[in-house]
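In the two complexes below, chain A is the common chain; its partner is chain B in one and chain C in the other.
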Partner chain A sequence: MGQALERIAVPMLALLASAFLFGLLLAVYARVDPLEAFALMYQGAFGSWFSWQNTLSRAAPLILAALCTALPARLGLVIIGNEGAVVLGGVAGAAMGVALAGAPPLVVQLGMIVAGMAVGGLWVALAGALRQWRGVNETIASLLLTYIAIALMNHLVEGPLRDPQSLNKPSTASIGDANMIGTIPGMDVHWGLVFGIIACLLVYIFLSFTTWGFAMDVIGGNAKTARMMGLNVGRYVLLACGVGGAAAGIAGTVEVAAVLGRANASLAVGYGYAGILVSFLARHNPLAIIPVAILLGGIAASGGLLQRRLDLPDAAVVVLQGIIFVAILASETLYGRLLPRKQGS
Partner chain B sequence: MSVIGTVPFPEHRGAPSLELVGFSKRFGALAALDDVSVKVNAGAFHALLGENGAGKSTLVKCAMGYYAADQGQILLNGREVEIAHPKQAHELGLGMVYQHFTLVPNMTVLENFVLSRGKLPPVIDWASERRVLADYFSTTPFTVPLDTPVADLAAGQKQKAEILRQLYLKRTLLILDEPTSVLTPDEADEVLSTLKKLTRDGAVTIITITHKFREVNAFCDTVTVLRRGKLVDTRPTADLDNDMMAEMMVGRRDNRVVVEREARPPGKAVLRIEGLSVADHVGQLAVEELALEVRAGEIVGVAGVSGNGQRELVETLAGQRDAQAGRMLVHGEPYTATRPEMIRHKIACLPEEPLRNACVADMSVAENMALRSFDQPPASPDGMRLRRLPMRDMARRLIEAYRVKTPGPDAPIKALSGGNVQRAVLARELSSEGDLLIVANPCFGLDFAAAAEIRTRIVQARNRGAAILLVSEDLDEVLQLSDRIVVMFDGRLALQTDAAQADVGAIGRAMAGH
Partner chain C sequence: MSDGELGIWGVPLAMLAGAIRVSTPFLFVSIGECLTERSGRINLGLEGTLVMGAMSAYGVALGTDSPWLGVLVAAGVGLLLGALHAAICQLPRVNDIATGIGLMLFATGLAFFLGKPFIQPKAPNLGAIDLGWWSDIPQVRQALQVNYLFILGVVLAFALAWALRNTRWGLIVRLAGESVDAALAIGASVGRVRLIATSIGGAFAGVGGAFLSLYYPGSWNEGLSSGQGLMAVALVIFARWDPIRCLWASLLFGAAGAISPALQSIGVTQGYYLFSAAPYVLTLALMIATCSPARSLRGAPGELGAVK
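For the complex of A and B:
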């Protein structure tokens, strides 16, 4: 009971502390009334139907990208290569979309999603494989793989996949308006949000109601015991990294298929990095990822309003994200200490 | 009149004598030391002999100030001294050399020696330090290269460097904790003979903890034998032979303490190990070309001092470590410790410290009890779906049958006491009525009643026909439970004998490498 309360209370405290620190920074350094800033942020994020749609659009890729950290985390792995999987998933989706040009839109869209999943999944599984069979630290490996992924994207969109028409911003060819996946009926939010929510539900069901999810918890809880039970740890590492990477890959593909229409440097705008934050804030719980992603999507959505009304740089919300991340990591030490607990029976 | 303690401690040159009087130390319910007194003469090469858990390490750690003894006095050169902290021991000239090296591997010998001096000036004059140390090395019976990083030294040289450092720090009483366990016999002889020379010259007094009779015979003047925290005797080595030392170490024991065991002839071989070699965590072979067979309805006890490859053997059988060479067969089929094999052959494991080695501490009792069966019916009808309800029902039955004291099946297993964690694991592992049971130090850290119950369960499993491999550092346990006994020494089987005809002396000698 106390533990459940703690799981809510600790992140809440961390969020409050971050808000306080950010407010202090606004008041002292930027000379802005923090209360006014927070009111504006609320307005920009959740104040109107328009801002809600903006928020949800930004939350969609965060939900998918967060799964890339959350799934391996069940095995005790810290994977932060989400951005790389997002970027390559986008490039792969665009390339597939261009390659399938002329096919029925549904085929093109399915092909793009499959390509994005496969490439994103393989990319992150690579970090898992390096960890399992070569002892390479998976955190560093996945981060460095992200740099490689971004460089690879730049190479592809400036070279082999470049549309000669794209002059100022090198891009792949357009996948064509007919193949765009469009928005959810009745709102100006693309289908990525639905994909994300479905993915989180599937992952939740997988983790909670299947033997594989149980085995993953055993491995994450005590790898030595897992091996004694004959569980194939390597296979689960590949599985978790692969599925997580596939989710991030979809995020990239959806950005291409619903927003950009082509792959270019706009894929690498930090959805993947923010996904790490979302996963940690949600304590790697797939259901908690959804509201947390909406919260962070809202913070990002309010950046424009802060800029216009208070003359703050648009990096201000990134600063807030950074503060939240540090506060969340620091709050990990509070678990088990926040509430008085009776000594072991 | 002078009061003891107000007179400055007289400067004493050369080897001191040390007397430990009436040392007792309890860890919880366990009496690690019970009124142990040892007298070590000045310039002696004194051995402390005993099995695991006999209290040797506890005794010297009390003397060095690492532990505060519950009772006991230390007399150095006949004067009472107080040692409450290792620093005080160092100031009095007591130094300790450990089984494992303590020099910083990536620094040179010179750097290590200077570093260990404690107080250092802000800027070190390396040229003069090196001169001082080179001069010093010209007076010592052996030297090590000054500018070689310690990591590049051979094991024997490292141990020499450790000893030289103690001498350099003006320690005149050295306590060595199994100083040769990481050395080859030749290296060990070299190090020990130079130490022997130092004691003969009257430069140092040495107390060495060991299991090896050969070294005691060859180098030590006197031996103190401890058994289960009690002093057995202190005698000159010249008066003892191996049989006597073995008997002092393991005691005269009744081979058979009765646990209702049925007389039954062993059945077919269940586990067969052929030429198995396993590397330890640093890549050295801990198990070398081991061959062993365990038949249905028999308990094969593996005795031996810890660190002779038992852990690696068990981990390989349990699937936690890969073998370098050789193979394992269960029921005649190759066994590589995968889950399907474990389930098909009904293999169960009961390791030491079950909370760390066989449980997921954060999971509930029910989940931990389901670790073997969560992907089998009834917990999973198809190997994919997971049903919590049957899991919990099964846990309730096991909790009842094995009398596990727990608030309920949903309590986290880490909230249970050690004995109850072991019972829960036992329930999980034995409930499948396994054909092969791998057991390692199952009663480690348990109280008497819990240990007796666990042992009874193991014998019951044997009685119904399971093949059991029991690896234990507790010789009594091996003697009590086994049908057949093997002794592991240095990664190999040193002795195989029928438990009924077991000669405890021979087992003790085999454990000490004879």
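For the complex of A and C:
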């Protein structure tokens, strides 16, 4: 009982502290009434159907990118290569979309998703493989792979895959309007949200109700014990990294297939890095990823309104996100200490 | 000699010029990160510190007309951000990798938030020493325009290497990084050592940011940093946690960044971006070559969780 209460109370406390600090910054530096600002933020994030759609659209790539950190974390691996998988997933999707031009839209769309999943999955699995068989630290390797992925994207988009007509912002050729995956019926939110929620549910079911999921928890608890039990640790490392990378890859593909229509530098705008933090805030729990991503998407969505009404710089919402991340990460230390324990329990 | 006559020799010259000019921020963030990691802590947030340093240095230089006061303030801001990172990571069960990324987001956001008014006006420049006075070739003279901060960085790299090896303070930092038990055995407070090492590391990164906004490129805008702070982590591994090797690695990273524009200027346009990825490929190759499942990277501090 106490534990469940703590799991709600600690993040709430961290959120309150963040709101206080951000309010202080607004009141002291920007001379803006913090309460008015928060009311506006609520309106811009969740106040109307329009803002909800904006929020959900922004949450979609975060949900998918977060899985790239959350799944390997079950094995005790810290993967921070999400951005690389997002970017390459987008490029692979666009390349496949262009290559399949002329085929029926459904074929093109499926091809794009498969390409994005495969490339994103392989990219992150590479970091896992290096860890497993060469002892290379997976955190640093996946960070380096992100830089290499962004350079590769720039190379492909400016060179071999470039559409000569894209002058100001080098891009691949367009995948064609007919092949865009469009929005969820009745909403102005693209299908990435549905993919993300389905992916989180599948991962949750997989981790909670299958032997493989149980095996992953055993490995995460103690890899040596797992090996003695005869578990093939390498296979699970590849699986977790591959599936996580594939999820981040879809995030990139969906950006191309639903928003941008082509691959270019707009893929590398930090969904991957934000995904790392979403995963940590959700304590790597696939179901918690969804609300955390929606909260952060909401904060991002409210930036425009703050800018228009209160003349605040658009970076204001980034500051708030940063404060929330740091506060929640720091609040990790409060677990088990917040509430007085009953004797003997 | 005129511009075109240098021909193919323009490429190595441009790389030298680029190495000297572009490497300074790399140098500062990498020796800062090196010190932090030698004490057993990793700070992934130096990118944010760099941007905050750049913004505060520019703002102060603009307000007081003194660029050096700007550098000083940037160091102070970096110190505070470093101390904040260290203080949070010291709490039990807090993950230092995630905290670093969180602080990176916070500091870049804060820099853009507070730095909005500084985007237009022009602040005074730090200036440079002209080491190319002996040459008639304009490119050579330009290449040898060396900023004071570069020289300061070189001095700091050697000083840090010496201090880590030869002073009591250096020994304690290395102990905190290699073995907490050993550090406790000689009565050192590991938490305090890491707090100091991370704060000083942050101050270095702040100065690196001041170089960006006050010398090269020499202005403040939101696209100022091209990820130099993030690269610091790769650089320190590449340099295997040695400040003097950080200096060479920074020059190499600077030169690698200058290859692409230089090649483009003589008409080679293919593979522009692939060259810029060279440092990361090299770092990864180095890690693959020197790691094995039984042994972690040579030279890595034993208590550095992120590299275990």
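In this text, the second predicted complex is superposed on the first by the 341 of 345 C-alpha atoms of A that agree within 3 Å, B and C clash if a C-alpha of one lies under 4 Å from a C-alpha of the other, contacts with A are read in each partner's own complex, and residues count from 1 in each chain.
Note that in this section a residue touches a chain if its C-beta (ideal position, glycine included) is under 8 Å from a C-beta of that chain, and two chains touch if they have at least 3 such contacts.
Given the structure is predicted, the values throughout are model-derived calculations rather than measurements.
In the superposition on chain A, contact of A:Asn222 is made with chain B only, not with chain C. Legend: residue contacts after superposition of the two complexes on their common chain; A:Leu130 is shown touching chain C, with no touch to chain B.
Of the two partner chains, chain C is the only one touched by A:Pro313; chain B is not.
Residue contacts after overlaying the shared chain place A:Glu158 against chain C, while chain B stays out of touching range.
Residue by residue along chain A, chain B and chain C are tallied for touches, and C comes out ahead.
Residue contacts after overlaying the shared chain place A:Lys169 against neither chain B nor chain C. In the superposition on chain A, contact of A:Gly230 is made with chain B only, not with chain C. In the superposed model, A:Phe214 lies in contact with chain B only, and not with chain C. Only residues 88, 91-95, 97-99, 101-114, 116, 222, 227, 230-231, 233-234, 237, 270-274, 276-277, 280-281, 283-284, 287-288, 291-297, 306-308 of chain C touch chain A when the two sit together in their complex. The part of chain B that touches chain A in the complex is made up of residues 318-320, 337-343, 349, 351, 356-363, 367, 371-372, 374-375, 379-380, 383-386, 407, 415.
For chain A in complex with chain B, the residues that touch the partner chain are 209-215, 217-218, 221-222, 224-225, 227-232, 344-345.
Looking at the complex, you find that chain A touches chain C at residues 25, 29, 78, 80, 130, 132-137, 139-141, 143-145, 147-148, 151-152, 154-155, 158-159, 273-274, 276-277, 280, 312-323, 325-326, 329-330, 332-333, 335.
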